[in-house]
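Notes follow the structure.
Chains here go by letter, A, B, C and D, matching the order in which they are written, and residues are numbered from 1 within each.
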Amino acid sequence: MSLINISYRTNYLHTYFKTTAVIPDTNENNYRTLWLLHGYTGDDSAWIRHTNIEKLAREYNTAVIMPEARNAFYTDSNFIPYYSYFVDELIPKIQSLLPVSTHKRDTAIAGSSMGGYGALKIGFKNPKIFGKVAALSPITDIEHFRNNPSCPMAPETFDTIFDSPEKIKVNQPYNIFSENNSKQKVLTICGTDDYMYEDNLDFKNFMTEKLASNYTWKSVKGDHSWNTWTANIENVFKWIQ
Amino acid sequence: MSLINISYRTNYLHTYFKTTAVIPDTNENNYRTLWLLHGYTGDDSAWIRHTNIEKLAREYNTAVIMPEARNAFYTDSNFIPYYSYFVDELIPKIQSLLPVSTHKRDTAIAGSSMGGYGALKIGFKNPKIFGKVAALSPITDIEHFRNNPSCPMAPETFDTIFDSPEKIKVNQPYNIFSENNSKQKVLTICGTDDYMYEDNLDFKNFMTEKLASNYTWKSVKGDHSWNTWTANIENVFKWIQ
Amino acid sequence: MSLINISYRTNYLHTYFKTTAVIPDTNENNYRTLWLLHGYTGDDSAWIRHTNIEKLAREYNTAVIMPEARNAFYTDSNFIPYYSYFVDELIPKIQSLLPVSTHKRDTAIAGSSMGGYGALKIGFKNPKIFGKVAALSPITDIEHFRNNPSCPMAPETFDTIFDSPEKIKVNQPYNIFSENNSKQKVLTICGTDDYMYEDNLDFKNFMTEKLASNYTWKSVKGDHSWNTWTANIENVFKWIQ
Amino acid sequence: MSLINISYRTNYLHTYFKTTAVIPDTNENNYRTLWLLHGYTGDDSAWIRHTNIEKLAREYNTAVIMPEARNAFYTDSNFIPYYSYFVDELIPKIQSLLPVSTHKRDTAIAGSSMGGYGALKIGFKNPKIFGKVAALSPITDIEHFRNNPSCPMAPETFDTIFDSPEKIKVNQPYNIFSENNSKQKVLTICGTDDYMYEDNLDFKNFMTEKLASNYTWKSVKGDHSWNTWTANIENVFKWIQ
């Protein structure tokens, strides 16, 4: 098992961004690969520090790529073009550096909370790269999120990224899905005590109608915290096999 | 010699920011301390990777604190309140974690390029904390910097931080100095081939008039690059003794 | 919460050894401190990667210091004087660098497996430093360990460290305890499926007779693995309060 | 430019060993590769911290792999089978993880001091892997080194690795070369104030006779220190093009 930290000076973001990766020991050239995104306040070490990703990577023989996003919401903003960086620069860079899969059949994306939003967005917009998309407690409606009293992000910070009604609209997971109408397999998981559980139920209904058997929903015990994601991340590894 | 990396989840910035520190081996409680700021595109590892800071820290028995700033320009913006974080959260945090000086007599701040700007700004505004301020190739006029054809920062990115003429004005080093009128010792160094050399000469004239013998100017060979800062950072260690 | 990595060039070991530390956010000068030792094959990141130490450190407001030992068995050998390094160099170094307690009342040592052995040994021999000693699945009889068919360490590697019957004898936890006869509080925990469970029962009987109410024993479910230590490390944090 | 840290749990050494790598940005599959070894007291970060390896890697478009060796002298000992680990486990592991060359034409090995010894030894014994071997201030006679009053290594530590006259003999660079009689290109560099300069002259005479034009010798200014290696490492990058 190799734990790898990459500090890469990006041309898109004009500074160093980090990626943490876990690579199993079977010395393959193209590991089944899970891109795993952190939530608001996290960084590339979040999944390593909160859950036992290394054990799961070994048991499921899966490479795990955990990019740093800071609080950029996996979105292009005036401050940093994070989405473009992720898709146009980071993915090819990691594929050139590490023995990760380059085939959508063996490439999945997942995340929790803001990272769940990122997984839905990046996954839906790039069906040729990601064959499977999983989200734990995702933000499924960014406008509801902004206005939710439990939201950890200050509205004015949210507004620096999503700075117009139009920008909110095109960045809603519903609209991204409809725009691309991809036929990926999708899994969403949410705890019944999550403050965004109702939003997740709405999204479940939407996805069930759109994807039918390609969509899987899991309602679990738990709130919007690492306790829930720690207890359920293994479900994601199982589901992508 | 201890090389220390701190990853701290800040309440101001709502995510993890890193600080790299070098602490000598004389086991003191209050080392003479240099806060050393990186430039645009750098991070907390920049000075370690480009120059031999550890050797200088040992030879001059000085603790060196190198905070990560990303491209926040050491300034409060809508996106992140970096300046407030630095002064109100990071400085007390580091002083509570590491055996750095808490007396202005033994506390200096320095940096290169955008970090030189940060040193001038944070230093001038906090004369009770920093007894000495040194800047290598600093940005001394942020408006000239924005409009300079050699500027590495896109104007629209600059404008997300400095988003009005008033904000530019209050953040000009000249005005910050005049506002606070501190009587610290100040050193600026600039290479004659630097694309901001003229700006540095203007600033030299201003500071000479204001500070007289408390101000030191060094015109050196070199352009706006790590070659110049590597060749001249030892001058900063000498000057703060 | 600060996650800190220290790379320190030791005079005793003639190279860099690392220490990982977690420091809570209450900005104290002398945190209650737990020195937490890793087992065979581990390093200073083991406890961070396998368990949620940061959460426990925060909830119990305790600084946690996790030194790298490699496979040195917390023992002076011809190859490296690890025990002497730990006691004479590392402890004062960390106490000079970080806001850890220097009073035995607030200083505990713990570890699992080989780290449990290390905790018993370093704790028993230094009762003026460590007021409490806790061991999860410790090696309580190093000779039995060497000869146990489940032992992960090659006998010839064991023999490079413990290279004579006399050296084994003076390094047995029983003898170290009797030699120093300290009156610390001691906790040992072992899973009923551990291949050293019988050894731990013998040690329990010995400690019960010697320490009476100062000794606590917990027999738990589990084998000799991180599953057991992850499930029980919180007991150590509770017990040292 | 990517700066990569790999922490890999080795089956040979039964714990985690680190490797630091620098990979250029031209997204190749098989970069020209320099394996660069540290000296006594160093670790995998030594070359990064003391010299500007990243700049050289970029300018010469060369991947640089810097493995951690601790003080194992690149040699199999009772304590750790470091040489076997390096050749049989680390090289294939790195070749499976990173886009390094697997062709001897584009694969070189170099190092300074104990790392220079390691480069000569590993290079000479593996001519099918390494087409070029470079050594800065290498230890060319390990017995002289052991007995040299300037030697930084305690003789008793040396003797734990090289524990018989026979073991010293088979590990002398002269004998390793003669045993394998490889026809690689070899470069050695030594400063005239180095305390092993005489040994290096003897080695130069030996290599000149054996390799003729395949051997290059550079006598430079400097002593046995990073000043010399910093000033001359670029010569190695030039020579391997």
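Throughout what follows, a residue touches a chain if its C-beta (ideal position, glycine included) is under 8 Å from a C-beta of that chain, and two chains touch if they have at least 3 such contacts.
These figures come from a predicted structure and were not determined experimentally.
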item: Count of contact steps on the shortest path from subunit B to subunit C; value: 1
item: Interface residue overlap between copies subunit A and subunit B, same or different (over half shared); value: same
item: Pair joined by the larger number of C-beta contacts - C-D, A-C; value: C-D
item: Separation of mean Cα positions, subunit D and subunit B [Å, integer]; value: 38
item: Intercentroid distance (Cα basis), subunit C paired with subunit A, Å; value: 38
item: Touching two or more other chains - residues of subunit B; value: 3, 7, 9
item: Subunit C residues touching subunit A - in the complex, by the definition given at the top; value: 3, 48-50, 52, 54
item: List of subunit A residues in touch with subunit B within their complex; value: 7, 9, 14-16, 40-43, 45, 70-71, 77-79, 152-153, 156-157, 159-160
item: Residues of subunit C defined as touching subunit B within the complex; value: 1-9, 23, 27-29, 92-93, 96-99
